[in-house]
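Each of the two complexes below includes chain A, the first together with chain B, the second together with chain C.
Here is the complex of A and B:
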């Protein structure tokens, strides 16, 4: 059914935003992790890489174009690590401090992560509104038969 | 304009008219029961069967979506909700089709013969 496709396009956007929120949450949670899992250096912030993939690559079914234009749906292709060095804080008593007494902190800026979080949740809502609009249209169309 | 007036008809004319009505009925019955030569069911019956099958599929899909969400196989709530919504809309559509068919049937049954 054609309706399913409009839903799937919005759903893919919602999935991407959900993944972004997960990554942002992990970044905020690790904003003070001075040790990474492999033991080398502090935690480094993660970033999703979103690709506009062809519709039929993500969902089954033959639906590659609307009016001759390619239909793309977003998809998280990769999660990359931000290699920029984080701030160095002077704290000689810290177990992860170097010889000069500096501790390498994660390169996570909680403020910009919060902005990213709000951004992702608003984008999720935007997709939700697109679904609502589609649903409203269908419900209105069904009212033709009434009466 | 030629107005149909039963009182003005002679018995032979009446029988011709009746015969015409019966012919029409036979024709309609043949159309209603018509099947192509390859043995497959076609037309209205096929359409009805297909749409009921689609309705059932969407219900089963919604059921599976809820099971997947509960068992943790599906991580995205919105995918399950969309499947439920899909099933809901398909059901509403089927109900509309059903009431249209019933309306048409009742209209025919009310017809004065």
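Here is the complex of A and C:
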């Protein structure tokens, strides 16, 4: 049933946006972590890598096109670390300060992370609306021939 | 349960599909309940395969071979067990859990809609029987 595929497409979108929100939250929470888990350098911000995968690669069944056009569903393929160096702050009393008294801070910009957060949260809502619309259509289809 | 005239093969198939939808529902519930269990793998009923068995691709597949007179005709494949697909977690998963709440919830909605559709078809079929039993009077 073609309509039910729309559910799966929107669900992938929601899932990707939720993963983005999880990663952004981790970045914001660690905006001041001057030590990473392995003890080398400050925390480095994470980023999701989202791929538009073919529908039938992600879900069961042979469904890869509508009207000859490929149908893609988003999928988080990997989570990567942003290697760009963060700001260095002069704070000689800090336990993580180097010989010159500078502390390497995480390369997290709270402002851009907030923008990313809003963006992801709106996109999540958009997918939710698409699911609602699909559900209404299926419910209407069930009404056909009734009374 | 399958007698020749009153309750035909379609009733048996509809009943089986409702059973399978209920089974799918318990799998979805189990997945959602385990959405925070480390190393839990999401499970799903593979509908496309089992429906083919339940429906039968030709009329030959529908009837059981009667090797002796007096054997009751049955529907082969009606009790076909569904394969359960297990989903692997993505490579970047930290806890090895492969439950995707959004996908499970939409699948649950889809399952619910399909269950409703099948119950509706069943009650319409019963309505036709009732019409016949009541001598055409509603």
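Simple rule for what comes next: the second predicted complex is superposed on the first by the 146 of 147 C-alpha atoms of A that agree within 3 Å, B and C clash if a C-alpha of one lies under 4 Å from a C-alpha of the other, contacts with A are read in each partner's own complex, and residues count from 1 in each chain.
In this section, contacts are C-beta pairs under 8 Å (C-beta built on N, C-alpha and C of every residue); 3 or more make two chains touch, one makes a residue touch a chain.
Remember, it's a predicted structure, so these values are computed and weren't measured experimentally.
Colleague: Which term applies to chain B and chain C once both are placed on chain A by superposition, clash or fit?
Modeller: They clash: once the shared chain is superposed, the two partners overlap in space.
Colleague: Which of the two partners, first being chain B and second being chain C, lies in contact with A:103: first, second, both, or neither?
Modeller: neither
Colleague: With both complexes overlaid on chain A, does A:131 touch chain B (first), chain C (second), both or neither?
Modeller: Once the two structures are laid over each other on A, A:131 reaches both partners.
Colleague: For A:7, using the defined touch cut-off, is the partner it touches chain B, chain C, both, or neither? Pick first, second, both or neither.
Modeller: both
Colleague: Tell me the contact category for A:79 with respect to chain B and chain C: first, second, both or neither.
Modeller: After superposition on chain A, A:79 lies in contact with chain C alone.
Colleague: Share the list of chain A residues that count as touching for chain B in one structure and for chain C in the other.
Modeller: 4, 7-8, 11, 14-15, 18, 131, 135, 138-139, 142, 146
Colleague: Within their complex, state which residues of chain A touch chain B.
Modeller: Within the complex, chain A contacts chain B at residues 1, 3-4, 7-8, 11, 14-15, 18, 128, 131, 135, 138-139, 142, 145-146.
Colleague: Looking at the complex, which residues from chain B come into contact with chain A?
Modeller: On the chain B side, the touching residues are 54, 75-76, 78-79, 82, 85-86, 89-90, 92-93, 96, 99-100.
Colleague: For the complex, give me every residue of chain C touching chain A.
Modeller: Answer in residue numbers: 46, 48, 85, 90-92, 100-103, 105-107, 109-110, 113-114, 116-117, 120.
Colleague: Please give the residue numbers of chain A that touch chain C in the complex, ascending.
Modeller: Against chain C, the touching part of chain A is residues 4, 7-8, 10-12, 14-15, 18, 60-61, 76-79, 131, 135, 138-139, 142, 146.
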